[in-house]
Each structure stands twice: as C-alpha cells, then as structure tokens.
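Okay, so subunit A shows up in both of these, paired with subunit B first and subunit C after.
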Partner chain A sequence: MTKLMQWLFVLALLGTAWATLALGPLGHHLPLPCQQVLHPFPAYLLVAAGCYSLATVGYRLATFNDCEAAAQELQEQIKEARMDLWRRGLKF
Partner chain B sequence: MATVMDQLVGFGLVAFSLILFVYYTIWIIILPFIDSDHGIHKLFLPREYSVTIPVIAGLFLVLFVGVFVMTVMWKNRKPAKKSD
Partner chain C sequence: MAAGRARGEKYSVLLPTYNERENLPLIVWLLVRSFRESGSHFEIIIIDDGSPDGTQEVAEQLEKIYGSDKILLRPRAKKLGLGTAYIHGMQHATGNFIIIMDADLSHHPKFIPEFIRKQKEGNFDIVSGTRYKGNGGVYGWDLKRKIISRGANFITQVLLRPGASDLTGSFRLYRKEVLQKLMEKCVSKGYVFQMEMIVRARQLGYTIGEVPISFVDRVYGESKLGGNEIVSFLKGLLTLFATT
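The block that comes next holds the complex of A and B.
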C-alpha cells in the first residue's frame, strides 16, 4: 500500500465519519453544542495543520545553523585525499 | 548561522501560529459549550465566519503562490529560440 493510498484511506474514513455524524442521514440528533462543534470540524483540522506547518517553518528558520565542526572535518578529509592522490602521482 | 533577523522572523511565525491555533480552538471547540449570554462571546466573530474566513484566506494564499511562481518563471524564462 503506497503512502498516497494510506492517506486517501484515512481521509475517506474521517470524511465518512464526519458526514455520518454531521449530516445525520440515520435520523439521529446530537445535542446542539456538539453539532456546532462538528459542523466546522474539517476546517478546524485544516487550520490546525496549517498552524503546525507554519510553526515548523518558523522554528526551523529560527534555529537554522551551519555545522562548523563538520565543515572543518570535511576540509581535513579533502586535504588528506589530495595529499594521497598527489603521492600516487596524480597532477591537479 | 541564523541571523537576529531570521530568529525574529522565525519565532514571530511560531508565535503567530500558536496564537492563531489557540484562538481558533477556543472559537470552534470550546465556545459552543459556553452559555450564549456569557461575555466571552463578545470577543469572537459570529460562528458563520468560522469556515468562510479560512476558505478566503486559503484562496488568497493559493493566489499569492500562483502569482509568485508566475513572476519567478517569467523572470527566469529563457530567451526564445531563434526560428530555424
């Protein structure tokens, strides 16, 4: 099962549950506050996902750093490799 | 390294999204369970707007992204090939 199918399956499940509860084709009646919560619930999920992604982008932006130690190590390794190749007679 | 400006913008985004999430959660999830004559209802718009405002905001977002992509592609377009 691909990731797309998983997502579609979950979305279909949630959508069916929401439609069953909110539109009430079975003729049942939820108490009014529950109906009022349920009606805009998909929009609420969407807004929550949007907030999460916005916060993630902001947090990663604020804590973005460059890896000094790793850069140093990489430069060392490049130097070593150059020396090694030069010793074997490779001209740059 | 993230500059001070980057950190400001980043944590500003985090704060904005947190405030938005809390406000929207109270508006959508908690408010229906509070008596309608309570004073807290004055702080929120009527419930009809709770879906239309996000939808309109989303439309504006899509519009903005579309315009942005269009301008970038327009600026980077290759000069037209000479006709052969």
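The block that comes next holds the complex of A and C.
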C-alpha cells in the first residue's frame, strides 16, 4: 500500500465514522452537547493539525544549530591544508 | 581502528566534481588525514565531469602526491548528473563500503570515523549524516533558507514517515551491495534522488543509522536554492508519496 493509499484509508475511516455519528440517524440518539461538539469536529482537527505543524516547525527553526565553531575550524584547517599541499608541491 | 583492517574493511569515497578546482585538494587533504588518524583502509574516487576550470589537472597532481592506490581518477567527458556519477564511480570501487559526499567542503571528513563507528555499532546497511538531530546543524544559511529547509523536512516526515531525519542530505555511508541495489531502483534527480534512496532502502528492509553532522555551506563558489528547485522538490515528494 502506498503512503497515499494509507492516508486515504485513514481519512475515509475517520470521515465515515464522523458522518455516521454527526449526520446519520445514529447521531440523534446522542445527547445534545455531544452532537454540538461532533458537528464541527473535522474543523477542530484541521486547526489543531495546523497549530501543531506551525509549532513544530517553529520550534525546530528556533533550535536549528548554527555551526559557527565548525565553520571557524574549517577555515583554520583550510589554511593548514594549503600550507601542507604547497610543501608537497601542489600548484593550486 | 585496527579491527577494521583485520576484517578487511575498505571504504571507497566517491567524489563527483564539477568546477571544484579550489575545493578538491582541500577535501582530499582532509579525507586523507581523517582516514589516517582512524587507521581505516580507504580510496578516493574522483569523478570529474569535464570541468572547464582545470579540476582534472589538480586531481592528477593529487594522484601523484598521494599515490594512485589512494586517489583514483575516473573522469567523464561531460556533465552527466549525480546518479550516473555514483554508478560510474561504484564500478571502479574496490571497497566494501561506499561513502558519498559533496566535494565542496560542506561535508567535513571528520565525521567519517563516526559514520564507521555507527555502522559497526548497529551493523547498519546505511549510515546517514543528519543536520536535524543532536549536535547537527548548518552554517551560512539565512532565515529564509532555514524556514524552507525545516518546512520541507516536516512535510516530508509527515507524508513519507521515512524513519530517518535528513532525507535530502547527501553525506552517507552505504554497504556497496546495498548502494548497487538502490541505484538500480532509484530514478529521481537532485534532492529527490537522495530522498528516494532512503525511502527505497526502507522498502527493501535495509537498516539506517544516523550521525549528526554540521553542514557548512560552500566556502568557495555559489550555493543555490531557487524557486525551480523547490518546485521540483515538491513534485518529487508527491511522486514518492503516491508511488511508494
């Protein structure tokens, strides 16, 4: 099963469950507060997913390491390498 | 690592180059030092795609300095792309492990001993460098580039659940036969190619270890990330999403 199929499968499952409960005859037996929560549930889910995505990307962005030390070390090593290669007769 | 020698392990580094006259001697020097310090058997295979800047000529000088058993020149007449460069280089590789990396100094050879250690530790088929975990990171990226990178990585993780944190990176160690197998399966180009390698590897049941790396964006020369690349990345991502 491709990843696309997996997504469609899960979405279809959730969608059917929601539709049966919120729109179908089964839902009328539920207490009113439940019905009220159930109706906008897909919208809640979408907003929650969006928030989670933004928060995750934001957090990872903020904690993305800046490798200053690595860049500096590389510059030193480049000098060292140039000197050594020059001594070994490399013409740049 | 005397044990590596005893078991006859050998590491072939594939360096595809195009106009890397400035960087090639430096990366080779760093590679040689890193391997000598860790005591591993190695060879460096330089695949130059007919660079007009004289990369080939510098490579010949390096071959003289370090010996033709350590530096192997396997040039091609013109620019033919990364995927075929790996296939071409692999045909000449005598090691049982292949290391692929960029020749522009953004990947530092000091991480290779860590890759080797990691591989032994978990007997992994692939060890992938990651910018997104632990002490990994980048240097020389502005905020826009970081946002794109993090965003793209997040979307990829959600859609493909690949079980590796850095899919577009190209600093990796492969068992030779694993890389051979993957090269037969992978058809994409550019960033997507690296991504497909990991996704296919998972499909085939290969194990992947990860080592945090610092990515220092090209010291000499231009680094690019244009709109075109973003579009082709998204296309490739969706293709993998729908087909794997």
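Please note the rule applied: the second predicted complex is superposed on the first by the 62 of 92 C-alpha atoms of A that agree within 3 Å, B and C clash if a C-alpha of one lies under 4 Å from a C-alpha of the other, contacts with A are read in each partner's own complex, and residues count from 1 in each chain.
Keep in mind that, in the parts below, a contact is a pair of C-beta atoms (placed from the backbone, for glycine too) under 8 Å apart; a residue touches a chain by one contact, two chains touch by 3 or more.
This one's a predicted model, so the numbers in the text were calculated from it and none came from an experiment.
Novice: Between subunit B (first) and subunit C (second), which, if any, makes contact with A:K3: first, second, both or neither?
Specialist: Once the two structures are laid over each other on A, A:K3 reaches subunit C alone.
Novice: Where does A:D66 make contact in the superposed view: on subunit B (first), on subunit C (second), on both, or on neither?
Specialist: Both: A:D66 reaches subunit B and subunit C.
Novice: Using the touch definition from the top, say if A:L26 reaches subunit B (first), subunit C (second), both or neither.
Specialist: A:L26 sits against neither subunit B nor subunit C.
Novice: Just checking: does A:A43 make contact with subunit B only, subunit C only, both, or neither of them? Give me first, second, both or neither.
Specialist: first
Novice: Looking at A:Y52, would you say it contacts subunit B, subunit C, both, or neither? Reply first, second, both or neither.
Specialist: First partner only, subunit B.
Novice: May I ask you to decide whether A:K91 touches subunit B, subunit C, both, or neither, giving the answer as first, second, both or neither?
Specialist: So A:K91 only meets subunit C here.
Novice: What residues on subunit A does subunit C touch that subunit B touches too?
Specialist: 57, 60-61, 64-66
Novice: Provide the residue numbers of subunit A that touch subunit C in the complex, in ascending order.
Specialist: 2-4, 7, 53, 56-57, 60-61, 64-68, 70-71, 74-75, 77-78, 81-82, 84-85, 88-92
Novice: Over in the complex, which subunit C residues touch subunit A? Could you list them?
Specialist: Within the complex, subunit C contacts subunit A at residues 21-22, 25-26, 29-30, 58, 61-62, 65, 105, 108, 132, 135-140, 146-147, 150-151, 153-154, 158-161, 214-216, 219, 240-244.
Novice: Can you list the subunit B residues touching subunit A in their complex?
Specialist: 1-2, 6-7, 9-14, 16-18, 20-21, 24-25, 28-29, 32-33, 47, 50-51, 54-55, 58
Novice: Provide the residue numbers of subunit A that touch subunit B in the complex, in ascending order.
Specialist: Touch list, subunit A to subunit B: 32-34, 36-37, 40-41, 43-44, 46-48, 50-52, 54-55, 57-66.
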